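Would you mind keeping the following structure in view while I ask a few things?
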């Protein structure tokens, strides 16, 4: 059901990055998110997973190395221009605009679109996430955690991105809501989008992924296909608990 | 040391009263700026109301000397104490708010003090208060205030240097860097801020108390002027807020520039015969902008660029 | 007769309140969206008054026209202030941002004194001097017009913020700038727009002030105090709340004006402001994150 044609490839080459001059979180990270595949990026707390996503989305400039999207170096493109490259990013934690209504939250997502395309984009999102229709005039801040997460995902999908970065999409959600989010992640993958997923839930992430990378202390550790990881999962998790 | 010797020499043997009087003003502002620096510089609370403490001190002297001919050596410390009382009553609750709110709040308290000084019965309102001059030769009077202000300025500078290297100073800096974290780590932030405020208020009050005796006349607009508060902030920022050496550099430099501008503008005749004080203040405003943008540590930051730098958090 | 006096005070309070609200919305907006306390805000109010004066003296333009001219001009000025002064300090410290604006205020105030001197001016505007008599009630036409102007501008701003996409994006930036950036919003440009709008409304408020009161360059800080009062009473960023707060403060001033001698009105307002700041300042700081 790949209705979109080929999605872009993300290539992270030897990236070194940190938030302050004295600090280096990533010390030469490599990874490739293949077109139309779901690539999972796993690792213990503080290993730099989220930082990789921030660098890929331009929220943090790499000090060394580069990020390539379909053969183009985008390392210097600021975050707010990434939507125009067909990218979408779901930040960690809550990020709805709490006193804007659900509809207004989605409208902010249409900011980069042409005026004439905005209404159609909203309609498409409501069609894709029909549950949102019932909440459209409610302030997003009063929704439950799971509902807010759906609003955030829908808001990201307004521009129909072909590359999607997800930073712990189920953290802090009740199991039922988390299950819904994972189903949505699987759908994004089925639609042929390039998905890069950072997650603490190793089992769930590996079962969705086509390819898995692990990080530790800001460096690549292991990588392999889903099958390879499913066999070695116990060993991997045990090692992290020691780390 | 050489500078100190020179200032004492000037005080004893200077010919013109003009130089003495100018330098006395320098010492007066040095006193005020060091007093401001305790809370404003070390703890980062931008107090825009030093003039209030100064004015309260000035009026304390004014009222006492006007009514009962009290001598200045007695009224000046009393002025300091009344300023402390005022700071305790009005300033301490203000310390509950931070950042820009504190700055605006202090500014408004300054206006309030001015309005009160105009309207309460015992200040004689806009008429102001005259105080009879000290019964000595003019030159001796000028020398008296010259050395009194010089001594106090040195005393407070020494105190600031001691504080800077003490636990109290470290606690004030911790409040500036991150007040919440400092509180969590066991710094008694409220107590530390209150102490810095009251100490600063005392010296500003003393400075004001002497001022009345020296000038002989006070009225609300003059001694409660926002300009005094602004000058103090500017001098501290130019030199380097939060260092005891900062005021030593900033105060003379700003006053020198003010003097040069005054003379220069008159010479150039830029704005006709009028001497526009406002021209100074345009330049000073621009200086504040420049400092905030390019030299947040003031001159001290340029002198020792590698020490005392803020963490890049 | 006292009843007429009371009615007149109430009507005047409404008119004052509307103008106060216009003066304050910009301060509330920049504080609510960007967390910036614009200490130079009232200096722009003062400049707006002199802008109206100059246009009237030189071109004979009535204040209703100067308002239209002031809006784009001061919008541009505000954008420049953000670009040249605030963007640099945004990354360093709050204290430096405050100092920059304080310095700007000094430059504007004293620059204005150099140009216009400290003399108190009145807008020499024939229509404004007219007095409307309705029943026993006498209302200055200038005040009425200024208040109508203020109300219109406030409603326009409210509409822009609540109904247009740009307004929604501005509110979004106020609530979570990072999330807005991720969705493709250039936050630095939005911040220029916000400061521009803040300064533009200040200047338009200044035109309205000139229609109502005598004015002088060195007296603008009074408006900063008033604007702060409205922001504290009305909360951050919500235009309608600022409007209600303006009407409240207008009534407070007008009514205490009949009860107290003129100079005590200031004392009452300043004291009220200081107390509310102390009591609500912290709450306001905390509220900054979840406004609009």
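The first chain written gets the first letter, and so on, giving A, B and C; residue counts start at 1 in each chain.
Criterion: a residue touches a chain if its C-beta (ideal position, glycine included) is under 8 Å from a C-beta of that chain, and two chains touch if they have at least 3 such contacts.
Remember, predicted model here, so these are calculated numbers, not experimental data.
Student: Please indicate the chain closest to the centre of the assembly, with centres calculated from CA atoms only.
Tutor: C
Student: Could you work out which chain's C-alpha centre is the most distant one from the centre of chain C?
Tutor: A
Student: Top contact pair of chains, counted by C-beta pairs?
Tutor: B-C
Student: Please work out the Cα centroid separation of chain A and chain B, and write it as a whole number of Å.
Tutor: Chain centres of chain A and chain B, defined by C-alpha means, are spaced 55 Å apart.
Student: Rounded to the nearest whole Å, what is the centre-to-centre distance of chain A and chain C, using the mean of the C-alpha atoms as each centre?
Tutor: Computed from C-alpha means, the inter-chain centre distance equals 43 Å.
Student: Starting from the mean Cα coordinates of chain B and chain C, work out the distance between those two points in Å.
Tutor: Inter-chain centre distance comes to 32 Å.
Student: Note the residues in chain C that touch 2 or more other chains, in rising order.
Tutor: none
Student: For chain B, write out the residues touching at least two other chains, lowest number first.
Tutor: Not one residue in chain B touches at least two other chains.
Student: Which residues of chain C touch chain A in the complex?
Tutor: The touching residues are 165, 168-169, 171-172, 175-176, 178-187, 290-292.
Student: Chain B touches which residues of chain C in the complex?
Tutor: Contacts found on chain C: 37, 39, 85, 88-89, 92-100, 102-111, 113-114, 221, 224-225, 228, 263-264, 266-267, 270-271, 273-274, 277-278, 281-282, 284-285.
Student: Chain C touches which residues of chain B in the complex?
Tutor: Within the complex, chain B touches chain C at residues 44, 46, 90, 93-94, 96-105, 107-109, 111-112, 115-116, 118-119, 226, 230, 233, 237, 271, 276, 278-282, 284-293, 296, 310.
Student: Please give the residue numbers of chain A that touch chain C in the complex, ascending.
Tutor: Going by the criterion above, the answer is residues 57, 59, 78-84, 89, 91, 95-100, 104-105, 107-112, 118, 141, 155-156, 159.
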